[in-house]
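Structures are listed in the sections that come next.
You will see two complexes here that share chain A, one where it goes with chain B and one where it goes with chain C.
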Partner chain A sequence: MRRYFARKLLTYFLTFFVAVTLDWGIPRLMPGDPIAGLLSKFQLQPSSYAVLHSSYTRAFNLGEPLWRQYLDFWRALLHGSLGTSIYAYPDPVTTVIRHAVVFTLALLLPATVLSYLAGNKVGAIAARRKLLDDTVLPFSYVLTATPYQWLALLLAFVLASVAHVFPISGGFSYSLVPTLSWAFLWSLLTHWFLPFVTLFLVGFGGWAIGMRNLIIYELDADYAHFLESLGAPRRLVRKYAYKNARLPQLTGLALSLGTIVGGAVVTEIVFNYPGIGWLVLQAINSEDFFLLQGIFLFIIVGVLLANFVVDVVYVLVDPRTRIGLQEGTR
Partner chain B sequence: MSKDTTTTKDDTAAPTEEGNTAPRHELVYFALRNRKLVIGLSIVGLLGLAAIVAPFSARSNPDAFVGPPMQPPSSSYLLGTTYFGQDVYSQLVNGLRQSFLVGIMGGGIAFVVATAVGFTAGYRGGAVDEVLNMLTNVLLVIPTLALLIIVGGYLKGTSIVFEAMFVGATAWPWAARAIRAQTLSLVSRDFVGLARLSGVRSWRIVVGEVAPNMSSYLFLTFILLFGNAILISASYDFLGFGPPGGVSLGSMMNLAFAWNALQLHIWWWFVPPGVAIMGIVGGLYVTNVGLDEVFNPKLRSL
Partner chain C sequence: MSLDVQNLVVAYRTLRGDVRAVDDVSFSVADGEIMGLAGESGCGKSTLGNSLVRLDRTMRCLGGRALLDGTELPLSDWDAMDDFRFKKVSLVPQYSMSALNPTRRIGKMISEVVRSRKIRYKDVLPELERRLRLVGLPTDVLAKYPIELSGGMKQRVVMVLTTLLDPSLLVADEVTSALDVSTQRAVGGMLVELRDMGIVTSTIVITHDLSVLVQVADSVVVMYAGKLVERAPTATVVDAPRHPYTKLLIASLPEVGVRYAEHVLAGIPGHPPSLLDPPKGCRFADRCPLASAECAVEPPLVELESGHFVACWKAS
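== the complex of A and B ==
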C-alpha cells in the first residue's frame, strides 16, 4: 500500500510541476507581444508608447532572462501569489478565485457524488432486466451524448425563460444582500438547482451505462455461475457482482474528472453562475491573463486533490491494494 | 417490447447452424441483426450525408443575412432565422460538416499518438514503458478544457485545423493506456514469442502480430475518440474560441446564448445544433456497443 501511494503521489507532484511549467510557458510561447496587445487599446503618441512599453516590460519582469522569470514564477507561487487581476483590479487573483470557488464546489461536489451513486445503482438494477434495461439504456445514451452547455440552455429555456419556475441567471437574487436569512438561502437554492441538475443528468447517463455493462460482464464470470449453481439467491450473486463492478467504475471516475470540470465551466457560463467557469468567461472577455493562469492552476490542484481522494477510496474498497497484490495498477 | 424479445431470441437460435462455417459472413449476419449497430450507424450515416451534401443543400452562405430576423421555422426558412436574419438551416448543415471534420481529424491524430505510445510502451516494457506510462498518467490528469483556457485566451478565432490538432494532442492519454494494457496481455502470448525468436523486427511484430489481434478494439477506440473530439470542440467553440462567425455547431450555441436567444425565445437557434451533436455522439456510442457485440461472441447471447 505504501508503494501504491508513493507512486501516486510521485505522479501528482510531477503533474503539478508540468502544469506550472505549462502555465508559465504557454503565454510566453504564444505568438505576438502581450504588452503591445495591452497598449494597443490606448491611443498613444509614439514617444509615450516607448516609455510605457519599457515600463510594463519591467513591471512584468519580461526583460529578465527566461530562467530567472521561471524561478521567480515558482517563488511567487510558493508564496501564494498569482499576481493581480485586471478584471477585478486591484484584487489579487487568489482572492477573486477564492470567492468563486465556493460556488463551484457547491455545484460540483454534490453533482458528481450523487450522479455517481445514483447512476451506479440504477445501472446495476437495470442490468439483465429486460423491461428496465430497454428504458434506462436508451435514455442514458442520450444523456451521456448531450453537450453540457446544450442541456443547460434547454433547461434554462424551458424551466426559467418560458415557465418561470426557476431563476435564469446568477448565484442568488441581486435584490438580496448576502446574509444568513431564510430568504437568502432559498434564493441560493433556487439558483443552484438548474446548474446542479444539468451536471447531475449528464453524469448520471455515463455511470448508468458503465455499471450496467460491468454487471452483465460480472454475472457471466465463473464465480457468479458457481454461486448460482450452489443455489445462492439472485440477490446475493448480484451483490458480489456489484462489489466487483465498483472498481473499474472508480477508475472511470478518476479518469472523467477533467470532463466533469469542463462541463461545470460551460454550465456555469450558461446560468451566469458566479463560480470558476463564469470567471473564465469574464477573464477571457477582459483579457485578464493573470486570472486565466491562476484559474488553470486552481483547476489542476482541485483535480489532483480529487484524484487523491479517489485513490484513498479505492484502497478502502479494494482489499488487494492494501496487501500489495495489485501494486501500481489501476 | 414483446416483438423485440422474439427477434433477439431468433438471433441466438439461428447462428449456431450456419455460424461456424463462414466467419466473415457471420460478422455481416450479426452486424445486420444487431439493432444497436443498425440504429447507431443510420443516425451517424444520415447526419454524415447531410454534412457531405451541405454545400448543395444549404440555401445560402451560413453567415449571409438572408431574411427578416428572428423568424420561427416556416416553409421559407426551414429552421427559422437568427437574431441577425441568417438562415439557421444553412448554419446547421455547415456546422455538421465542421464537426465531422474536427472529429475525424482530431480523433485521428489522437488515435495515431495513442497507438504509437500504447504499442511502444506495451511492447518495449522496462524503462521506456515507465517513462511513457508516467507521461500518459501526467497528461491524463490535466483537464483539456483547463489547458484550453490558457491557450485559447491568447489565440483569437482559431481555425478548425488548429482545433483538431489541439484535441488530438490532448485527448490521447486514456486511449494510450488502454492500448498499452491490451498490448501487454498479447505480448506474453506464444505467437509473439515465436516471432521474436525467429528474428522478426519489432515494428513488424507489432504491425503484423499484435495489432491484428486487437483490431476490433482499436477500431472501437477510434470511434470513442472521434465522438469525444466532437464534444470537446463543441465546448471549445461555445467558449468563443472557435472559428469566427456562426459556422460551427458550438459557435451557433455561443452566439445564440450571447444574443439572448433564451430571453427572446429564439429556441430554433440553439436547439438544432445540440440535437445534431447529440445525434452524432450518441449514434457513435451506440454503434460502438453494437460493434462490440458483433466482434465479441460472449456479448451476443443477450
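== the complex of A and C ==
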C-alpha cells in the first residue's frame, strides 16, 4: 500500500509540474499586449506612454528571455508569490485571489455539500417509492438538464427584477462599507442567496438522479437477488444497496469539492458575484495573465488535492480496492 | 414424496408478450433424491429452479403448483414465500461467484442475514464453522471479503450458507459450470455429501453439462424449449435414452477419459426455438432427425416403463 501511494504521489507531482509549465506558457502564447491594456486605463501623452510601457515591461519581467521568465516564475512560486495583478494593479495576485476565494467557498461549499446530502437522501427514497420516483425523477432531470445560466437568469428575473425580493447582482451592497455589522452581514446573505439556490438546485437534481439510478442498479445485482432468495427482508437488501451505491457518489463528491475552488463561472457572472469564476472573466477582459495564471494554478492544486483525497477515501471505504492493494504489494 | 411439481407454467412478462420459459412441467423428487435437470442453454432450467424459490417481479406463475412435504408453496406470494426461503427451500444461484456482497465481510454478511430471519447468530455459528471445515474451508473465511476468496471457495461458502438451516429442497443452478475440472468434482461431491448427511432432503442439480449428472444425480429430467421431454433414472438416461433430443445430448458427450480439447463436441445442429412464440406440435421437430407428419401434434408425456417418462411419438 505504501508503494501505491508513493507511486500516486509521484504521478501527482509530475502532473503538477506539467500543469504549472502549461499554466506559465499558455497566456504568453496568447495575442495581445497586457501592458498596453494596463496603460490604456490611464490617459497618457504618447511620450510618457513609451517610457511607462518600457518601465512596466521591466517591472513585470516581460523583457527577459523566456527561459529566465520561466525560472523566475518557479522561484517566485516557491516563495508563494504569483506576481502583481494588472487588473487590480498594484495588488499582488495572491491578495486578489484570496478576496475572491472567500466568496466562492462561501457559495460553493454549502451548495455542494447540502445538495449532495439532500440529493442522495431524496434519490434513495425515490428508488423505492413509485409515487416519489414518478415526481422526483422528471423534476430532477429537468433540473440537471437546465443550464446554470438559464436557471440563474430565470431566478434573477423573477425574484430580483420582478418581485424585488433579492438583489440582482454583486457580493454585497456597494452603498455599504465592509464591516462586521448586521446591516453588512444581511447584505452579504441576501446577495448570496440567489446564486446559492441555483447551484443547489442543479446539484441536487444530479445527485438525486445518480443515487436513484445507482440504487436501482444495486438492487438488481446478484448479491441482492441472493439475499432475497435467502428470505432477507427488503430492509436489509436496501441497506446493502444504499451502502454500495454511496461509494461512487462519494467519489463524485470528492471530485466536485476539488473543483469548487475554481468557482462557478457562469453563475458568478450572471449574478456578478465576486468569486473566482467572476475573477476569471475580469482577468481575461483586462488581459491580466498573471492573475489568470494565479487562478489556474490555484484550480490545478485544488483538483490534484481532491483526486488524492478520492484515492485515499476509496481505499478507506471500499474493501475491494483496499484488498486489491494489499495483495498487490504483499 | 418430498417435492411434487404439477403442471407448472412460468412466463416472463415482456413488452413483446409472455415468454413461457416453463410450460406445463410435472415431476417429483423423493426424499434423499438428487435430481438432475439438463438441457441446452435457454431451455428454461434456471427459470424452473428460480421459480421454486424466488419468483421475481419479471416472472409470473400462470398455472400449476408445487407441493413440498405435502404443503403447497405460495410461489407467487413474495412475502408468504419468505417463510419457506432459506429454512425450507434454498437456491444456490447460477451466479454464485458474485452472490456475496462485495463490501461486507463474509461472516458479518451471514450474521446479518441470519439475524434478519430472527435467528440468533450465536446459535448457528458453531454449526456454520463445522460445515465450513467440512467442505475444507478454514473458518477465518468469515473474516474475509469475497474478493479474497477464489471462485471455488466462494462457491463453497455460498453452498454452506444456503444449506445452513437444513432445507428440505436445495436447487443448485450450474454450480460446477464456472469451475475447473478438479474443483467441479469436489463441488459435485459436496452435493452428494449434503444429501448423505441428511442436511438437504431433496436436491435439484441444474446443469447444461450432462457429465456432471453422471457423477451426482439419481435421476435426470431433460428439458427442451420449456417442456419436459424425458425423465428417468440416471443410468437409463445415459445407457438407454428414448427421446431423440436426449440421445443427441448423450452422443455429444465426450467419451470418458477424453479431454474436451482433443475432442470436438458433435453438438446438435440448430438452436432451440424462441419461447415468445413457440412452434406448434413437437418443439424439437425442426432439429429432429426422426420428425414426421404426426409430430405436428404435441406428443404427450407417457410412462414407457416404471419411472421412465418420454414425450415423443417415436419412443413407444
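Quick note on the criterion: the second predicted complex is superposed on the first by the 235 of 330 C-alpha atoms of A that agree within 3 Å, B and C clash if a C-alpha of one lies under 4 Å from a C-alpha of the other, contacts with A are read in each partner's own complex, and residues count from 1 in each chain.
Simple rule for what comes next: contacts are C-beta pairs under 8 Å (C-beta built on N, C-alpha and C of every residue); 3 or more make two chains touch, one makes a residue touch a chain.
What you see is a predicted model, and the numbers here were worked out from it, not measured in a lab.
Colleague: Which partner, chain B or chain C, touches the larger number of chain A residues?
Modeller: B
Colleague: Is A:75 touching the first partner chain B, the second partner chain C, both, or neither of them?
Modeller: After superposition on chain A, A:75 lies in contact with neither partner.
Colleague: Of the partners chain B and chain C, which touch A:240 in the superposed model: first, second, both, neither?
Modeller: Touch status of A:240: second partner only.
Colleague: Is A:22 contacted by the first partner chain B, the second partner chain C, both or neither?
Modeller: first
Colleague: Between chain B and chain C, whom does A:134 touch in the aligned arrangement: first, second, both, or neither?
Modeller: A:134 contacts chain B only, not chain C.
Colleague: Quick check on the superposed pair: does A:289 touch chain B, chain C, both, or neither? Answer first, second, both or neither.
Modeller: The answer is first: A:289 touches chain B but not chain C.
Colleague: First (chain B), second (chain C), both or neither: which does A:228 touch?
Modeller: After superposing on A, A:228 lies in contact with chain C but is clear of chain B.
Colleague: Which positions of chain A sit in both the chain B and the chain C interface?
Modeller: none
Colleague: Of all residues in chain C, which touch chain A in the complex?
Modeller: Result: residues 53-54, 56, 81-87, 90-91, 93, 95-96, 98-105, 112-113, 116-117, 145, 147-148, 158, 161-162 of chain C touch chain A.
Colleague: Would you pull the chain B residues touching chain A in the complex into a rising list?
Modeller: 1, 4-5, 134, 137-138, 140-147, 149-155, 174, 227, 231-232, 234-235, 238-240, 250, 253, 256-257, 262-263, 265, 267, 270-271, 273-274, 277-278, 281-286, 298-299, 302
Colleague: Can you name the residues of chain A that touch chain B in the complex?
Modeller: Going through chain A, the ones touching chain B are 11-12, 14-15, 18-19, 22-23, 26-27, 30, 32, 34, 130-131, 134, 141-142, 144-151, 153-154, 156-157, 160-162, 168, 216, 220, 255, 257-259, 261-262, 265-266, 269-270, 280-281, 283-284, 287, 289, 292-293, 295-296, 299-300, 303-304, 307.
Colleague: Within the complex, which stretch of chain A touches chain C?
Modeller: Listed in rising order, the residues of chain A that touch chain C are 221-223, 225-233, 235-236, 240, 243-244, 247, 318-320, 323-324, 327.
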